[in-house]
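Going in written order, the chains are labelled A, B and C, and every chain counts its residues from 1.
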Amino acid sequence: MFSKRIWTLVSLLVVMALVLAACATPTAAPAPVETEAPVAATEAPVVATEAPAEPFVIGILTVGPITDNGWSTANYLGAVYAQSKIEGAELIYAENVNSAANPNTTAAQFAEQLLDKGANVIIFNSDDMKDGVTEFTSLHPDVPVIWLTGDFAWEDGKRYQPDMKSQSDVFSKMEYGKMMAGCAAALTTKTGKIGFLGALINDETRRHAAAAYLGADYCWKSIRSETTPIDFKVTWIGMWFNIPGVTLDPTQVADTFFTDGYDIVISGIDSTEAVTVAKKFRDQGEDVYAVQYDYEKACDVAPDACLGVPYYNWGVDLLPIIQSIKDGTYTRQFVWSDPDWSDINNPDTSSIGFKKSDGLSAENSALLDQFIGELAGGLNLWTGPLNFQDGTEFLADGVEATDQQIWYLPQLLEGMTGDSVTK
Amino acid sequence: MEKEKTKNPNQNSFLFNLLTNRASSMTLAVVFALVFTSLLVWMMKANPISVFQTIITGAFGSTNNFTQVIQAWVPLVLASLGLMFTFTAGLWNIGMEGQIVMGAIFSYGIIRIFDGSDASSALVIILCILAGILGGTLWAFLVGLLKNFGGVNEIFGGLGFNFIADAVMLFLVFGPWKPEGVANGSTKMLDTRFWLPQIEGTYLSLWALGIAIVCVILVTVILQGTYFGLKLKAVGKNNKSSFLLGIHTNRYMLLAFVLCGVLAGLTGALQVLGFNHVLRNNISGGYGYIGLMVGMLANIQPLITAPIAFIFIALSKGAAGLGIDLKLDSNLAGVIQGALVIFVLIMDGVRKVLIKKFKGVQSG
Amino acid sequence: MDVEVRNIHKTFGKVHANNDISLVVKSGEVQGILGENGAGKSTLMKILSGFISLDAGSILLDGKEVTIGSPADSVKFGIGMLHQDPLDFPPLNVLDNLILGSRERMIPNRKKVRQEFVELQKQFDFSISPDAFIDSLSVGERQQLEIIRLLWLGAEVLILDEPTTGISAAQKIQLFAMVRKLSEQGKAILFVSHKLEEVEALCTQVAVFRQGMNVGQMLPPFDNDKLVEMMFGKILTRSDRKCCTQEKVNIEVSDLKIDDPRLPIKNVNFCIQKGEVIGLAGMEGSGQGLLLRALAGIIRPSGGHIWLCEENSSKKDFVGKHYFDFKDSGISFLPADRLDEGLIAGLDLREHFILAEKQKGFFVDAKAAMQLTEKRIKDFNIKGTAENMVESLSGGNQQRAELALLRQPLRLLLLDHPTRGLDIESTLYIWSKLKQRCSEGASIFFVSSDLDEILQYSDRILVFFGGKVSKPLDAGDVSVDQLGQLIGGRGWE
């Protein structure tokens, strides 16, 4: 009996010791700072009173891993850019903020962790995090929050949230990038059939797909002077990336496109399946290409199989907002920025760009530049007459679409095949 | 008198006592698990000390972190408690996941009915919880029926129903229940009126916590103080003898599933009302599977599930910070949990073998 | 090989299971070991074969002291043990089982093993096919296989712990012949039993254990009364045959038919009177077990009637009813395999008594349950406490516990080998308890492979042979010989 109790006691002590050891170490952590302090004190006691400026911390949540070479990488690099330009700024991030990888921690809770670690601004990088933005801002109405791709701060938008005083939205007009992608595809296709590998269906993806179609249609008709209408087909996989068993398999979808004679696939998803499948077909002697998305270097996996990539340059728009937060001049804003038409690939000024890849022939490259020039010159493809996919009128002849009409595009356009809404 | 001839002095040796005392052998298991993960971390070229530090501050470092841990403890402990019933009856309810999912779906269904109405939030919340319980119970009941009358092993049945529940969920959130114009695998967020009230400035709902604590007590009393609990245990230990002793074994196995389903459904409802505030893919949070691990360690003692679930959840919540601070994969928590389970089971096995050999069957 | 144990001690908690036991068995001897249930016989045997470790004392083989740390050690030293509990074999065929147990080579030489197996079998006139699957073997055949396996592994010392409890008379004869042959070959044999006549027939010396101690040795000729006194510390007298049969019909069985694929049973007709004891004789697996289970409601007869007769001479047919209906009308079944079908390993005695009682309310009244348990433990003289897990009780005490679980009042008690493995005193005790039930009006229906027991306690006897059931015979009118003939299939018209 007695010995039994002793043993229980001993183990209890061991457990306590373990816990204490583990708990004690964090408090011991600042030790190095203390060892430095006396040195400083002996040299110049005055310095001690001069409290070091509190660091300015940028926090970002990314839906995927920051190494995804797609969406999350682009966002993360944007934040890195802002940090590098702001003196004394630090950057912390939490990646894989999605319910599949972290089912038990919501985006809001991740944001909370960044806040605990001293973040002065928190960037939510995905449309997916809408609920996280809502929840977090309701608990912390004064913490600056930037929602990439969002529209809560848009006074003229449908989802304007007047109560979120410190929340801003940032997006760039990727519609132009998608038009360039569509144009490059239309210039290159031999079969006149272009596939669009879509993610899930929402306002953003609908208008991006439509923009790609508009670019393709324009270059097909006006630059190549073709008379037959171009075949433009959209297949949505159901998510931004492949989830086995849940989404359609993008590899399979791309494969089907190429097999069915669609010789160019424009990617609208965040991963690189389109170009890898194109490379596979090219290796078998087929003349097919892909157009990538999101990240400047997304074509690097197979440059020959890629025409180019419309990419984001988030830093350009993030920097001024974050700077204003640091300076204390921050006000809530909705940013939907145009590219710098003088040089869309200028990393310091243009929020989107188009990086050509080896698959694009010199001739088509020149034609694409011509198209970009036209856009810069004020060409607006969102001009009537345009009909919706179901035949109803979108824009009457000569009418230009408003920002709201573009942002909240309810359907795909006439001339495109594929679903407008999820069935 | 003959003691000098003693040939097996090890009964009193340090090592023997260390390995046969329950508490010390469990402590040893924990130490082994920690050493094991440290080695792993070290091989990943990270510093084990800072890993554990991060986990502990991640779990307890701030009020916010701590309340998050408590918040996540609720569903895990509920799931583990549910599994106490099936474990006691000698059943492996792998179908827990699907039952949680069904609970969530049913309870969100009620939300849809009352969305936009001015019904009292308390009423709607209670209805949601009841519907969730119904959903989980139904799903568990089906597994039980298949086992009893179809002769389908509950593991396969459970897996099958997990798949179906996931399929139903995907159909709903990508189909009829998707928010207008969007389909991203989750529904519209609940009107805040229908959230379980949370403590100001945190994600923790005292209501959820209260429900969990009541359930811990209730399940403990049911399993350890009632005829029902004893009969369930008898069925789990020896089905044939129990039947001959006059216990309706089939009925009891079915009841074990049903009660497990009740708690699964409750878990699902709370995941919707108290945590996610939407219905979405992965709503179960994997608690059905983690619950199985907790259940194995708890060794059919419901009271023990509370601290074990707490350790598990503190580990995984704390580990979320690994990605932020150390750029390590937060799945390391899963590895530590797994290592804990394995080492505890090993040490328990060693302890039992030693006791059987040297001390005989334990009484009591 | 000579075996010697010196001053062996072993305690299980408070139980001193082996208390300073010393024993010498020389090569060629057959050492009988007698003792009441729980005397510590199996404990010593398990120590010798490495299944449990000793607390103190020493073991000498051929005069050399050895340490046996594990069953593998004991095999290495040439000790082989046949266990008392039914043997668990993996579901493989005979040959694979042999090979599994050997630790010699990584890649077995099946041809050689087969040959060795066949040769060993021939020595003892066994006829087990090396390709037979274990499930198809009877208890006796499994036992033969196990002994062969031990010999094949090189056993020089053979421990047989109650080897005769589950086997047929013919197999018992084979077993005894084998033991004699082995002792002639110079093997040392330890033979544990509760049957004095077996010990008398086989052993060259006998030791008696009591409460963990070796209380005495005896050489032939053995004085049975003296042995019994050594075992129990008192002289036991068999109670006289007492008939409690009443003139009231309790149960009437007519044209009962059981469709068992292996052993169909037809045309069973008899009446059971109140207070009557009916013994079922026959070789294991001749249909007794089936009839017992049919009467208990566990298997469903395919035809005929089981009438339960009431005082007012109304009667109800129970064929087709559920087991629980049988149970509720006072029919209780006690299976032979206690830990498999009767008791629940992992639950303690108290929990068993709670389960067996009628449920009162929703919550268990722990205090009342404790009192009840203590009362039953006292009433039935169970050696153990309320918190003892049933599996830690010795065989005899498990049987007492099973009896103590029976409900009151009872109409019919169906017993499968009620005293298998019990010592003489326990057997007497249990039968006295059973007879008490008879005097209260219950009838008893029991299966036993011990003819003496059947003749001693039954009022009437049913003999089974290959699914055929004899007319009830009056126990007073038949002799052991006649019974033996019938059981062997002779004398049936």
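Some notes on this structure:
As a working rule, a residue touches a chain if its C-beta (ideal position, glycine included) is under 8 Å from a C-beta of that chain, and two chains touch if they have at least 3 such contacts.
Owing to the predicted nature of the structure, the values given are computational and were not obtained by experimental measurement.
Averaging Cα atoms per chain gives one point for each, and the point farthest from that of chain B is the centre of C. Chain closest to the overall centre, judged by the mean of its C-alpha atoms against the mean of all protein C-alpha atoms: B. Separating the centre of chain A from that of chain C, both taken as means of CA atoms, is a distance of 77 Å. Annotation: 44 Å between the Cα-based centres of chain B and chain C.
Annotation: 36 Å between the Cα-based centres of chain A and chain B. In chain B, no residue reaches two or more other chains under the touch definition. Of all the residues in chain A, the ones that touch chain B in their complex are 3-4, 7-8, 10-12, 14-15, 18, 22-23, 25-26, 29, 92-96, 99-100, 102-106, 108-110, 112-117, 127-128, 130-131, 134-135, 138-139, 200-203, 238-239, 246, 410, 421-423. On the side of chain B, the complex with chain C involves touching residues 2-3, 5-8, 11, 225-228, 230-231, 233-234, 237-238, 240-248, 357-364. Residues 17-18, 21-24, 26-27, 30-31, 34, 49, 52-53, 56-58, 60-62, 64-65, 68, 72, 170, 174-175, 178, 181-186, 189, 192, 201-203, 275-278, 280-287, 313, 316-317, 320-321, 323-325, 330 of chain B are the ones touching chain A in the complex. Within the complex, the chain C residues that touch chain B are 6-7, 9, 12-13, 15, 17, 20, 51-58, 67, 298, 323-324, 327, 333, 335, 339-348, 351, 354-356, 359, 361-364, 366, 385, 387-389, 391-392, 405.
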